[in-house]
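Each chain carries a letter (A, B, C and D) given by its place in the written order, and its residues are counted from 1.
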Amino acid sequence: VTHLVRNAYGKSRVRLTRVTRHPDRHDLKEVTIDVELEGDFEATYTEGDNRSVIATDTMKNTVYALARNHPLDHIEGFGVHLAKHFADGYEQVSSATIRLAEDAWTRISVDGNAHPTAFVGGSAEKRTCTVRRSGGATSVRSGLRDLLVLKTTDSGFSGFARDQYTTLKEADDRILATVVTAEWVYEEGDHDWNACFEAARLSMLERFATHHSLSVQQTLMDMGNAALEACPAISEISLQLPNSHRIPIDLSPFGMDNPNAVFVPTDEPFGMISGTLRRNRDGR
Amino acid sequence: VTHLVRNAYGKSRVRLTRVTRHPDRHDLKEVTIDVELEGDFEATYTEGDNRSVIATDTMKNTVYALARNHPLDHIEGFGVHLAKHFADGYEQVSSATIRLAEDAWTRISVDGNAHPTAFVGGSAEKRTCTVRRSGGATSVRSGLRDLLVLKTTDSGFSGFARDQYTTLKEADDRILATVVTAEWVYEEGDHDWNACFEAARLSMLERFATHHSLSVQQTLMDMGNAALEACPAISEISLQLPNSHRIPIDLSPFGMDNPNAVFVPTDEPFGMISGTLRRNRDGR
Amino acid sequence: VTHLVRNAYGKSRVRLTRVTRHPDRHDLKEVTIDVELEGDFEATYTEGDNRSVIATDTMKNTVYALARNHPLDHIEGFGVHLAKHFADGYEQVSSATIRLAEDAWTRISVDGNAHPTAFVGGSAEKRTCTVRRSGGATSVRSGLRDLLVLKTTDSGFSGFARDQYTTLKEADDRILATVVTAEWVYEEGDHDWNACFEAARLSMLERFATHHSLSVQQTLMDMGNAALEACPAISEISLQLPNSHRIPIDLSPFGMDNPNAVFVPTDEPFGMISGTLRRNRDGR
Amino acid sequence: VTHLVRNAYGKSRVRLTRVTRHPDRHDLKEVTIDVELEGDFEATYTEGDNRSVIATDTMKNTVYALARNHPLDHIEGFGVHLAKHFADGYEQVSSATIRLAEDAWTRISVDGNAHPTAFVGGSAEKRTCTVRRSGGATSVRSGLRDLLVLKTTDSGFSGFARDQYTTLKEADDRILATVVTAEWVYEEGDHDWNACFEAARLSMLERFATHHSLSVQQTLMDMGNAALEACPAISEISLQLPNSHRIPIDLSPFGMDNPNAVFVPTDEPFGMISGTLRRNRDGR
């Protein structure tokens, strides 16, 4: 009396440290990987017949085995490699989706020089990538998440709709803080993944800093446009910008003014602004 | 040279405590609510023109004001009320989505009796609901998340595919533990939301306990079927069941056997199994 | 030019699942264990000489090996067993401290009966225990943490000190919510650990429910006294009670009163109240 | 029949954003502050008599009011200011402890130049400080926490004790990763807090990078010595170094070697190494 209309399964949070030992330095990558497969797996749901099931433990092993001989210069390349392994190597798989999130590690500076084998980490920011392979085609989406930015001026919010539940005051100079999540879609094919990532990230940071914001929505649009301008291989970008409110403290009960100096940062509730921009096909 | 292909915004994590003071007892609800709107908001993205923008601060105020006169007997009813307020009350709104998550509080037992005004909480489990109103129609999805369950027997996993990366041993008696996320779709209209929720939840728990599992996939299918059987108003259910592995410890280096007694629970990596079941229209 | 004035090391977050398979039912314990040793370990700090170092990996193995033959009826008994193993079995160890935190699992109810092999968990509340063995003596502290409780009435806070920075209004009927952390000290020797734990926990819950609170401090004192009355083997108890504020919403901007009905729960900032009570030696 | 042997209370997680608006740039500090008082507060515990109680809400207000006119050049200075306010301004207070944790924000680089009003954050690392004032004396402890560091070589662990539960292999070239928590004690008096912090932090990072590690304990000792050498105003330092294991993957089941290239990072269990170093009084 029921039927299975969708099924998927995989291994999540496979964590990988990959060290490449060059004569003059070591390179370090730390990546967390999710593998998800769709395909002809209905028998295990309906009958407990596992003959077509690739164990999720096998997926984990595969990630480590394939990492052995892959340079891991960028998560996009390793994601494509994994997606092809699963989608092209097993008859029962109709699509493979690989999600990768890379931790940022930078070299420790010793006497002003980057140390060849010692690293400092700890940023919340992750570089991300989703590769999906299905029907012989591969799509690559890249992005970042948990990039915290804040500007102390050049941001306002006024002229918004007012009704009986509106108490918010207009602000022509407020703090704007957000935690950027961005994901962009690449045109099909191979690209200079690292250069594109760096250009998109840098352009969004610079635009955030220099732009005059009339609303978080407008900031989102400008940051998205900056990324599309910075990297021609990107056809579309989605951004999510929570409004990480810094609320001015009312010091008047203590006989003091607050010259836009003392604020309380709050985690909840928060505004959440999202949007997707696409490059016009005809370039207009 | 770009255009906005999707936009949405709202207020997330509006937290609400609602106490209803009856003569013989107090009722307590604690709910975290997200409001998200779509509609004619492009001008703020492209021009910073905020005239159509309902401030997210106003959304928060609205939640509290509407909670004042609503019984909040169930999150579904309050979600519908909020969705109608936003979708039907503002011309520029084309759809309103309300997400609600309720914390479980139970009465403290004093001398074996439920205390009328004192409560104990702390479960990770949340009752959830998503109401979407668009074009005059309202859809209601309900569910739960973070329901931890474990069975010490009646679970195996064998007969799966083997390749060069497979090392997992077949298991005919393993621990099965998972953290249930379930979301079901109601037929249009009004239903006995609390009775349906209780019936669906209880049936899934009982099926998990009594069922013999040949794979997590099969357990998912059986639990979904149980919910569909328990509540005729449900037309479809999606489940996500991470495999919260309990790995037997190899005690042989210490000259001991391990009679399925000593395990290490691990958080990562984990298998993730998902599926969606739909009731057949013709009842077959 | 420097000297080491204190050193300690160990293994943290050793997670253990222990299943005891009786003919009619299985018992389940899940415990997270920290082992910490002090002693004659200075040579590894100063010289990198590891000859006296018991590897933390060995500590982990020991936990699993000792769990194989221990009934684990209570975390106190297993903690004492581990502490003796490390403190009495190695010459270089001067003291061993074992910290244990147990997850709550209860049996799933099927048709009103407790199922023999299926469990539901997910409570934030942990039962805790710290065993320290040093110089041939063993001390046992037990407790709990993350026990969420809330009362909707019978709580006020008034008559407090006022100065130029005080804006808080007096409250004669407020919501009181807290997250109980309690740790008590047992008289030396062996006790009925499970009965004591249950009596102490229940008495604190009941006192919280039935007591009229004039301050969180007074509630702390009353709950501590309840535990000391409930279990004579306890000589001292420390409690930490954060004040998990539920702040009444001002609905007057919307033309509404708020009859103690609508509140916002906040996580930060929070009041934090702590205190330690000791039983008088002479019983007065 | 019981007495209160210790009591303390305060406000935790008071979050503060402080912007100082210079003509050519804005400075930004974000700090989370805990206030804790001890003193003559027994009457509220025993009688619910709140006359001596400074409400924790007042503490929060005081933090914001005092931040209005304080430059907040360093958390140490603001901590001392707050501690004196509470310890010296209220007769019933015998000691005040202020704990501060500062988020790292750095300026966004635009065309290679530090932007004057836009910032990027997101590091887990916090700069910390604990100021305690009691009996007219003030002690200052400063430090940091959640500083992630990793070295891919120059670290081993061998020659440790072996018993029947030891399975760990000796390692002469392993990855060493840790999350540094450090807290140092300053000599009484005023110091150049920012210069000392920077010198201590930098010296520990450099020592971690360049030192050859025979055990985490030895690394701890060397890092502590580096900080004591870098800042003469520090008399003592405590470090906690969890061993954030990177475990080499055994690729032999797949017919591959693993040339120290592929690892799994694990969060639990973890080794935890701690130690306290004190400068010798006589300089030897």
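We adopt the following convention: contacts are C-beta pairs under 8 Å (C-beta built on N, C-alpha and C of every residue); 3 or more make two chains touch, one makes a residue touch a chain.
The shown structure was predicted, so the numbers you read here are calculated from the model rather than taken from an experiment.
With centres defined by CA atoms alone, the chain at the far end from chain D is B.
For the pair chain B and chain D, the distance between mean C-alpha positions equals 38 Å. Rounded to whole angstrom units, the spacing between the C-alpha centres of chain A and chain D is 29. Within chain B, residues 15, 61, 65, 165, 167, 253-254, 267-268 each touch two or more of the remaining chains. The touch graph of these protein chains is complete, with an edge between every pair of chains.
Residues 15-21, 26, 28, 30, 61, 64-65, 67-69, 105, 108-111, 115, 117-125, 146-154, 175, 179, 205-206, 208-210, 246, 249, 251, 253-254, 256, 258-266 of chain A are the ones touching chain D in the complex.
For chain A in complex with chain B, the touching residues are 1-15, 34, 36, 41, 44-58, 60-62, 65, 90, 157-161, 163, 165-168, 213-218, 220-221, 224-225, 228, 236, 238, 242-243, 267-280, 283-284. Interface of chain C with chain A (complex): residues 164-165, 167, 253-255, 267-268.
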